[in-house]
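Two complexes, one shared chain (chain A), two partners (chain B, chain C).
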Partner chain A sequence: MKTKKQSNVIWILIFLAPAIALFSLFFIYPIGMVVGTSLTDWRNSVGMNFIGLENYIKFFQNANFRTALGNNIIWALSLGIFQIGMATAMACILARRPKGWTVYRTVYFLPSVISGAALSMMWKAIYNAQHGVLNAFLNTIGLSDLAHNWLGEMETALPAVIISQIFYIGYFMVIILASRVGIDDNYYEAAMIDGANVWQQERFITLPLLKPILITTVTLALAYGLRHFEATYLMTTGGPNHATETMGTFLYTKLKASKWAEANAIGTIIIITGGLAISGIRSLLSRNMDVE
Partner chain B sequence: MKTVLKPHQVVAKIFKWFYIVFFLVFMLAPLLWLILTSFKTNIEFDTANALALPKVWQFRNYANALSLSNLPRMFLNSLIVAALTTVLNVIVSAMASFVIAREKFRGSNLILNILLAGVLVPIIALMVPYLKINMKLGIMDTLWALIITYSAINIPTSIFLIHGFMQALPKALEEAAIIDGCSFPQRFTRIILPLSTPGIVTAATLVFIYCWNEFTYAMILTISESCRTIQLGIRYFQTQFVVDNTGMMAAIVITMLPTIIVYIFLHNKIISGMTAGAVKG
Partner chain C sequence: MKKLALVFALVALTMAMVFAGGSAETAAEKEIEIKFVTWWVGADTKAGAIQELVDEFNANHVGKIKVTIEGTADADGLANSISTQIAAGNPPDVFCWGPTVAGFENYDGNLFMDFTEDLKGEWSECFADGILDQATYHGMTKSLPYDMAYTPIWYNTNILKEAGVEKLPETMDEFWDMCDKVKAAGYYPTAQMTGGNNAWTSMLWYTFLCGSIGGPAIFDNFEQEFPTNPVFVQAAEILQRMYLEYTHNDAIGGDAGVAGGYYLAGKTAAFINGPWYIGRVKNEAPEVFEATEMGFFPTINNEKIMVCSTLTNLAAANQKDPAKRAAVIEFLKWLTTAENAKKVAESSGAVLAVKFDASGNDNRLTAQVNDIINGSKGFVNYWQFYVAADMQLEFGQALAAMGAGKITPAEFVAQISSLF
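Right after this comes the complex of A and B.
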């Protein structure tokens, strides 16, 4: 029996080894490397010297980096407040099963399976000043004054990129909807008998009961906002004049310049801000929940 | 039961349908415009109203996209990467899930939690290490760089899905198998693996879609045209054919089609798989 146990241990190790090896090489080691080398002057193929927090100090003194960080916060709040808000409203509507609701759910989720690169290139074409359908539409309905070079102007570029993403509510909507349909119908029937209208039902029954899933989705949305890269890179590469820069595009610029340590300092900031957002929101909102 | 609606209920109803329709239009209208434009000629694209229908429906742009560019090669590269990554990732994840779910050993919960915490890591922050690791492995600028990297990135989500499924299987299955003289690997290949097929199919579908759609690391880890993937193809298009805007539209449509087709057939599985992690909190 003992030998059987021992052979089991060997098998367990053999079965775990590939996953743990890949995970260590692509998750644990990289995080250590990003954080560790961010304190050095590592660039190109030159050796590295410890320089403490110099890279970080340099970034926080850099106006373009502060814009990038600010833009990431705008992204995080746009997704965490507006996207989740719209997704919650849609989940409440679909939970009451209007005619065709399963079809709407499938359509709303569709952009989540299409490549971000393809969608970004599509939106770039939509926003195009000369050939884009948005300006064509505005001209057709007589609002040509509103036509813009959407991605080329400082004031409109960031809102344009955000708007191209923020209405893709499907992913979060499905998550919230799953919780919403789990709420017992009896609550709503009882409220209806007491004379509560639909709005009051959603406000006083649905929202409090959805709180746990709203915390989860807001946390995820904030985290996505802080690590945003792809759509901005493809639509504006951070321009015009750094107006849409995010930490991700900044990191990529440093990577292309072979400034490894500086790139990793930004990586560390992305990891830390993400971790803060996740743990901060969790503790803030769950403390709030214990009181109730 | 037909009841007469009060005015505020009518307003609520109008608002509700406006909201539903607005989002339907937002999801579909841009795609529709993209498809329409992909059938236009470049002269039409430059001169006619962007809202107008194509004067002649012609597939020239698609033929051009496929014959004048490297798109077919990139399409094939994407297929190879997605297929091999899916196989590698699912085998590795299923093996680990099996021992974590079915063999209670000290530390199994800790290992599971560490592996699952991987979903919280912002992969975008790891550009430098991923570049360096692939250079060290000597696979930089080959399809293997993408296959290995994607396989690793998807371990947390795949283990989440497969482990959840394996854990729910009744314990008696293996007890019977042990009595029948099944060895450790046989319990995996003959009993648990076949019974976990639904969970494995979900994980495999998601990994495949991830690989097909991935852009950032495909851009960083490949240089030569011969190992670039389809997502890079669209962009490359714009620089090589500066004037061929409608050709690029066709290329974008070609890029989107495979995942849309998979989605049409498997949408319920994909929706529940992609949201499972968050739904369980």
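Right after this comes the complex of A and C.
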């Protein structure tokens, strides 16, 4: 005779079954497929043979792939530190409702609803060495020595692509702003009475209370940085000479070559580095959160 | 209870109607549907003619065969999509396919329709002499050459006249002399690019250089010889000189829009592209069109070398159903008749692998291209034909470094060879 506890377990399994089935179908199976085929020599429509870790060894011996990995880390740090930093600063300013704050909020958010492809093409035109607005501006103000082939020189290409993306803070800004306006004004009034200036209020009240949302936004920014593809592919195709290469563009190149196993090996590396980096950063930032 | 009975009755009635309809359909002769996935759609210059041919084919086969065009004019994107479908074991019924040596591995599988036996009849006579060999691998012809890439050198004679250049350069010495004079006149001697998926224009310059130095057979043992044959380094040295001295400063990182843009804007004396670009020059830059003369690549060791590749082949999914296979063959035969090829070629300016009577074509530049093809003393397939897509991209990456003087021509060759 079934006990009540056994009966509950059966019902739990029955109710979980659809979710487990869907999760397995759309998450476990594809990842298993990616990891499994990355250990083969699958390319074109030719059958596959097991080759162990050969694809992985090849990539880590490839200087261009190591550059791509490094660039992804630069992207992740740039977005996680600078973009979130700027978004936080702007959210704190707008939360104090300066004159025209709603206009600023809209203006900063607007690029988030514009296609990334369109923005990338716009920046490509801005950076054009011959006809671009940036060089024209530098020439006009007498700084023609600073004019560059921004996307064509190995020294300037990566910073140029990152800068073209980093100032689009609107998406993160509205998330942080929503959390910031939820902080009780009484904290600030009490701090003012105690003589705290604006900087001290933001430093000792706002930032600690925003910590949970900052962890979330930093995690999102890191994830974006580690899987970055779109702007780089559209603006430089990973060039010149791999200076802006990312794991995403590297993967896409292998897909184009119908080298499916190699592409899946890169996909696996992206999954692993992403998982490690995000869990590491969350663990680091979450430390002592309960105490505070 | 009555309501429940009514619902059951309705469901039973519906199912009976569905099954009755289904059996009626199977009884009648079923129309064969063929999906033709192509990048000759939208703004592509062949789109109109191809759509007309498909419409005409459908009109001639009402109730028997229906061809539907699917695709996008973004050839690179669509090629990726088709590759993915092939990898998934489900290629489209009929599709455009950019052949490369690496891609021919697909012939070894069982996914592509094999035309070898079909081409033993009179169908093979539709194609230009010897061209089917370019689509044959391991004795099998599983795709049909269609759109050809003959790419002569385009010269803007207005710039040449202004620079004091009397005739098109025939040797490299004359070419460098032209470059110096054009540069002194304030123009860019050549249009180049390292960007895009294959650094197209510069890849063609490099192909010509390899062919003119090493001869028509230079690519015959490509994988074995590319890393070691000094011809490829010599060709790279000349290309590097063009980059360092004779091109625009945004060539590194520039794409086809940049290289082509300089020619369309009348700022570049020499440019390379295929005849499909004639229509664009005619429409967007009539003055440049009037000033353009097509020429041979300057002779280094081998004269009148011409780049000739099959740009797009027609391929089809292998069919188990004999009726559908026959329908696909019928459609492909329709596309490759001389009369229909002429319609496509004349409306787009393209050069096709299908033979037809080209007389009566009033496009001056198209006629010049045909003269050059007929006067060529050797053909080379373009460089990118011999490599997979990742190596095509590597060409542009390494060229960016070499063009900026960061690596030597020998290092350029070595960097590309590292992907073998």
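Please note the rule applied: the second predicted complex is superposed on the first by the 259 of 292 C-alpha atoms of A that agree within 3 Å, B and C clash if a C-alpha of one lies under 4 Å from a C-alpha of the other, contacts with A are read in each partner's own complex, and residues count from 1 in each chain.
Here is the rule we use: a contact is a pair of C-beta atoms (placed from the backbone, for glycine too) under 8 Å apart; a residue touches a chain by one contact, two chains touch by 3 or more.
Please read all numbers here as calculations on a predicted model, not as lab measurements.
Superimposing the complexes on chain A yields a three-chain arrangement in which chain B and chain C clash. Shared-chain residue A:Thr237: touches chain C; no touch with chain B. Contact with chain B, but none with chain C, is seen for A:Trp123 once the two complexes are overlaid on the shared chain. Applying the stated contact rule after C-alpha superposition, one finds that A:Leu16 touches chain B and leaves chain C untouched. Of the two partner chains placed by superposition, chain B and chain C are both touched by A:Leu255. In the superposition on chain A, contact of A:Thr106 is made with chain B only, not with chain C. Legend: residue contacts after superposition of the two complexes on their common chain; A:Phe82 is shown touching neither chain B nor chain C.
Contact comparison for chain A: of chain B and chain C, B touches the greater number of residues.
Comparing the two interfaces of chain A, the one with chain B and the one with chain C have residues 255, 260 in common. Residue ranges of chain A in contact with chain B, taken from their complex: 7-9, 11-12, 15-16, 18-20, 22-23, 25-27, 29-31, 33-34, 37, 89-90, 93, 98, 104-118, 121-123, 125-126, 131-133, 135-137, 140, 167-171, 174-175, 178-179, 197-199, 212-213, 216-217, 220, 223, 226-227, 229-230, 233-234, 248, 251-252, 255, 260, 263-264, 266-268, 270-271, 274-275, 278. Of all residues in chain B, only 8, 12, 16-17, 19-20, 23-24, 26-28, 30-31, 33-34, 37, 45-46, 49-51, 91-93, 95-96, 98-100, 103, 105, 111, 114-115, 118, 120-133, 148-149, 151-153, 155-156, 159, 184-185, 188, 209, 212-216, 220, 231-232, 234-235, 238, 245, 248-249, 252, 255-256, 259-260, 262-263, 267, 270-271, 274-275, 278-279, 281 touch chain A in the complex they form. Within the complex formed with chain C, the chain A residues making contact are 43-47, 64, 128-130, 149, 151-154, 157, 236-242, 253-260. Listed in rising order, the residues of chain C touching chain A in the complex are 76, 79-80, 83-84, 86-87, 89, 102-103, 105-106, 108-109, 111, 194-197, 248-254, 258, 388-391, 393, 396-398, 400-401, 404, 406-407.
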